[in-house]
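Can you keep this structure in mind? I'll have questions shortly.
Every chain is named by a letter (A, B and C) in the order it is written, and numbering of its residues begins at 1.
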Amino acid sequence: MRALAAIYVRLVGARVRSQLEYRLSTALQLVGVGILTATDFVAIAVIFANVPELGEWSLGEVAFLYALATISFALTDIAIGHLDLFPQMIREGTFDQILVRPLPSLLQVVAADFALRRLGKALQGLAVLAFALTIVDVDWTVGRALAIPLAIAAGAVIYGAVWIALATVAFWIVDAIELVNAFTYGGSFLSQYPLGIFARWLRGLVVFVVPLAFVAYFPALYVLDKDDELGLPRALSFASPFVATLAALAAGAVWRNAVRHYRSAGG
Amino acid sequence: MRLDWELARRGYRRYAAYPGATWAGLFTNVVFGFLIAYILLAVYEHADVIGGYDVRDAIAYVWLSQGLMSVVGIFGAGWYELARRVQTGDVATDLQRPLHVQRAELAYDVGRAGYQVLWRALPQFALGALLFEITIPGEPGRWLLFAASVALAVIVAFGIRFLVNLCSFWLLDYRGPVVLAIALNLVLSGAIMPLVFFPGALDTVLRLTPFAAVLQAPIDVYVGTPLGGSTAAVLALQASWALALYAAGRLLLAAGTRKLVIQGG
Amino acid sequence: MIELWNVEKRFVVRAKIGRLRRERREVRAVDGLSYRLERGEMTGYLGPNGAGKSTTVKMLTGILVPSAGVIRVAGLDPSRQRIELARRIGVVFGQRSQLWWDLPLGDSFDLLRHIYRVPAERHRANLKRLTEVLGLAAFVNTPVRQLSLGQRMRGELTAALLHDPEVIFLDEPTIGLDIVAKAAVREFLAEVNRERGVTVLLTTHDLADIERLCSRLLIIDHGRLIWDGGLDELKRRYGQERTLVVDLEEAAPPLEVSGARVTKVDGPRQWLSFRRDETSAAELTATVAANARLVDLAIEETQIEEIVRRIYATGAARPAS
């Protein structure tokens, strides 16, 4: 396991080094991304310019939720955002090259890039987080303080697992990636808002099937000391790390199965 | 005129050739349609009217904006294609042909928009109308004006994209400005949130820009809350922007062509 | 070292007929292939496009899993022991690259050292040797995307050999190279095979590659092995026919010459087909010159494609090798 991590760092390091060579360009892109993703938050700001609450969430609370979701997603985007180009890898035969190397295929695909410029999105999320924490009244405990970084890390893993699992669709239908995008970007958009405002079937989907609710919603309930409108147990707020682990294992299994299909159906 | 029709047909067919992509795009719009609709429903629990829109107007807005997004090219190849051709030098061949590049591009774009009206906007709207309670205009007059507004929106959107593409004559790395333009357009056209939601004076100012003419304007006409209360005024504003952008495009293209010729491309 | 036993690979292809219906068809890309390559052999792998060559190589390298049959490479099963096998083999795809495009060539070598877990000393020694032999020093610091095809190919070969593989698979390694570069690559491969005892499977369309490098030749067509033997033997058996192309002074009816028959006439040009073991080109030329007014002539050998077609058309058996 450690050897794989070391190899990941080395492979990614090469990509990072080549991005850092163009320091100015990368920095500009980073700032650009930050500004662009700020437009996301404009929507929320505009909503609260007109109404005092969304569901039963105040501006500060929604901002907090948005921030957790955004930072998690940004971290995942930095690490595996290049999965958008995965179908190209298959079409051009680059994946075959991956199979000829003595490393797990998923590791190689994940290590193929590391987009520093997307850090801008994380920074924007941090800014919103800071803003949220200034206007919201949190009953701080050590637990609550730790819950934030933990939730962000677990959230990133959950997003990553979902994204990887969805991307494997390219092994079956190469061009289906567009469809997958609807889910990954839609899912990330959804987790920025309080779960209670969505219809029941949607809520059930993101709690029990594709566990996006554990990225930001449940951790936020804990930190903000709110109750879930649907009456789901508080304990779920602590479940994020477990859910993340399960999701990662599931994604690994889905990937392995997909590669098995690729290797028998004719690459 | 015949040539325009041919080009439009080609534009239509290029997108008709990839039904898979159309379905996938429609699916994405539907997903976001649901999400944004739920968000707005929650918003309207605390207010009856926002910016002149009631809840049924707002939901109509969601499904219309998601449906029209592809028609007016909020995203898509139209932001890059010409720029790429300029940089690879392919545009030189275009410039030698006996047709005007800008007019040809517009005709092609209109064909594309036509395809997307039929296969993205209409299904999207139908779905929205079936699944949610939305405003539906009773008077056929309003529908006609809406159609006219959409047509003008397409031309304005083309104008913006065309101008942005032309920067590739002068900038080697055009991607940065293009991405910025897309983001600007996204916000200022009302694709993310209705511009009418913006408070007070901001609402009015925002609705005067060419970006607003791309999406917000036609939806305003549909809903029946045009800026200043006059549909005619909104259509006139759209038409003005369409003409202004087309003229600017023509001038800039000439400048770019001159540069190309001088530098040898 | 490489063993195939009754290997099959079947694909299901869905083709559209008409507007709506789709038909399922089974394609047998590889249909009962068996052969065995010993350690240290350098074997050529030939066949028309679509014959099943790349499908075989993909199965040997672990990319594809066979539908039936048994494969062993270096004693390992590629479909089940992909990663372990990957450590022991080197692969060079002529059209695709295994190098990191944006990085200097040397960086690729360094990354590969870690990927293949080559001890630093051994890597250093190998790299030194390969740099010398292939003349890499001049461009080892250049980004791969700026290299010429010849330089890149030398880089690919180095990358494939740095970890001392037991077997290397080469797919069209000389394609697109100029004559000098081709010769250099061939020399290099011959040396690697000779000095290091590396088993080589060389897929190629270039007959000159085969002539220079391979003692043994496998020809595959429609997923089946139609030849397993030496090149000389192949030429002797199927390459007997040669063609003398003569340009006469003026158009004439087909020449009647013993030992040859006219296969084609086009104005003053005639194609005479004869067998190498029956008539010599010199004899035939003399005979023709005696009976007609010759302006020019040329001799055509049987192309490998023609040999393959002929073998397949006659449904030739696999000759004992």
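Some points to look at:
Definition applied: contacts are C-beta pairs under 8 Å (C-beta built on N, C-alpha and C of every residue); 3 or more make two chains touch, one makes a residue touch a chain.
This one's a predicted model, so the numbers in the text were calculated from it and none came from an experiment.
The chain closest to the protein's centre is A, with centres computed as averages of CA atoms.
More C-beta pairs touch across the A-B interface than across any other pair of chains.
Seen from the Cα centre of chain C, the chain whose own Cα centre is farthest off is B.
Inter-chain centre distance (chain B to chain C, centres taken as mean C-alpha positions): 54 Å. Centroid to centroid, with C-alpha atoms defining each point, chain A and chain B lie 30 Å apart.
We define each chain's centre as the mean of its Cα atoms; on that basis chain A and chain C are separated by 47 Å.
Put simply, chain B touches chain A in their complex at residues 20-21, 23-25, 27-28, 31-32, 34-35, 38-39, 41-43, 45-47, 50-51, 176, 179-180, 183, 186-187, 192-193, 197-199. The touching residues of chain A, counted against chain C in their complex, run 6-7, 10-11, 14, 18, 92-94, 96-97, 99-104, 260, 263-267.
Chain A makes touch with chain B in their complex at residues 28-29, 32, 35-36, 39-40, 42-43, 46-47, 49-55, 175-176, 178-179, 181-183, 185-186, 189-190, 193-194, 196-199, 202.
Residues 9, 11-12, 29, 58, 61-65, 67, 79, 82-84, 86-87, 89, 91, 93, 96-98, 100, 102-103, 107, 111, 114-117 of chain C are the ones that touch chain A when the two sit in their complex.
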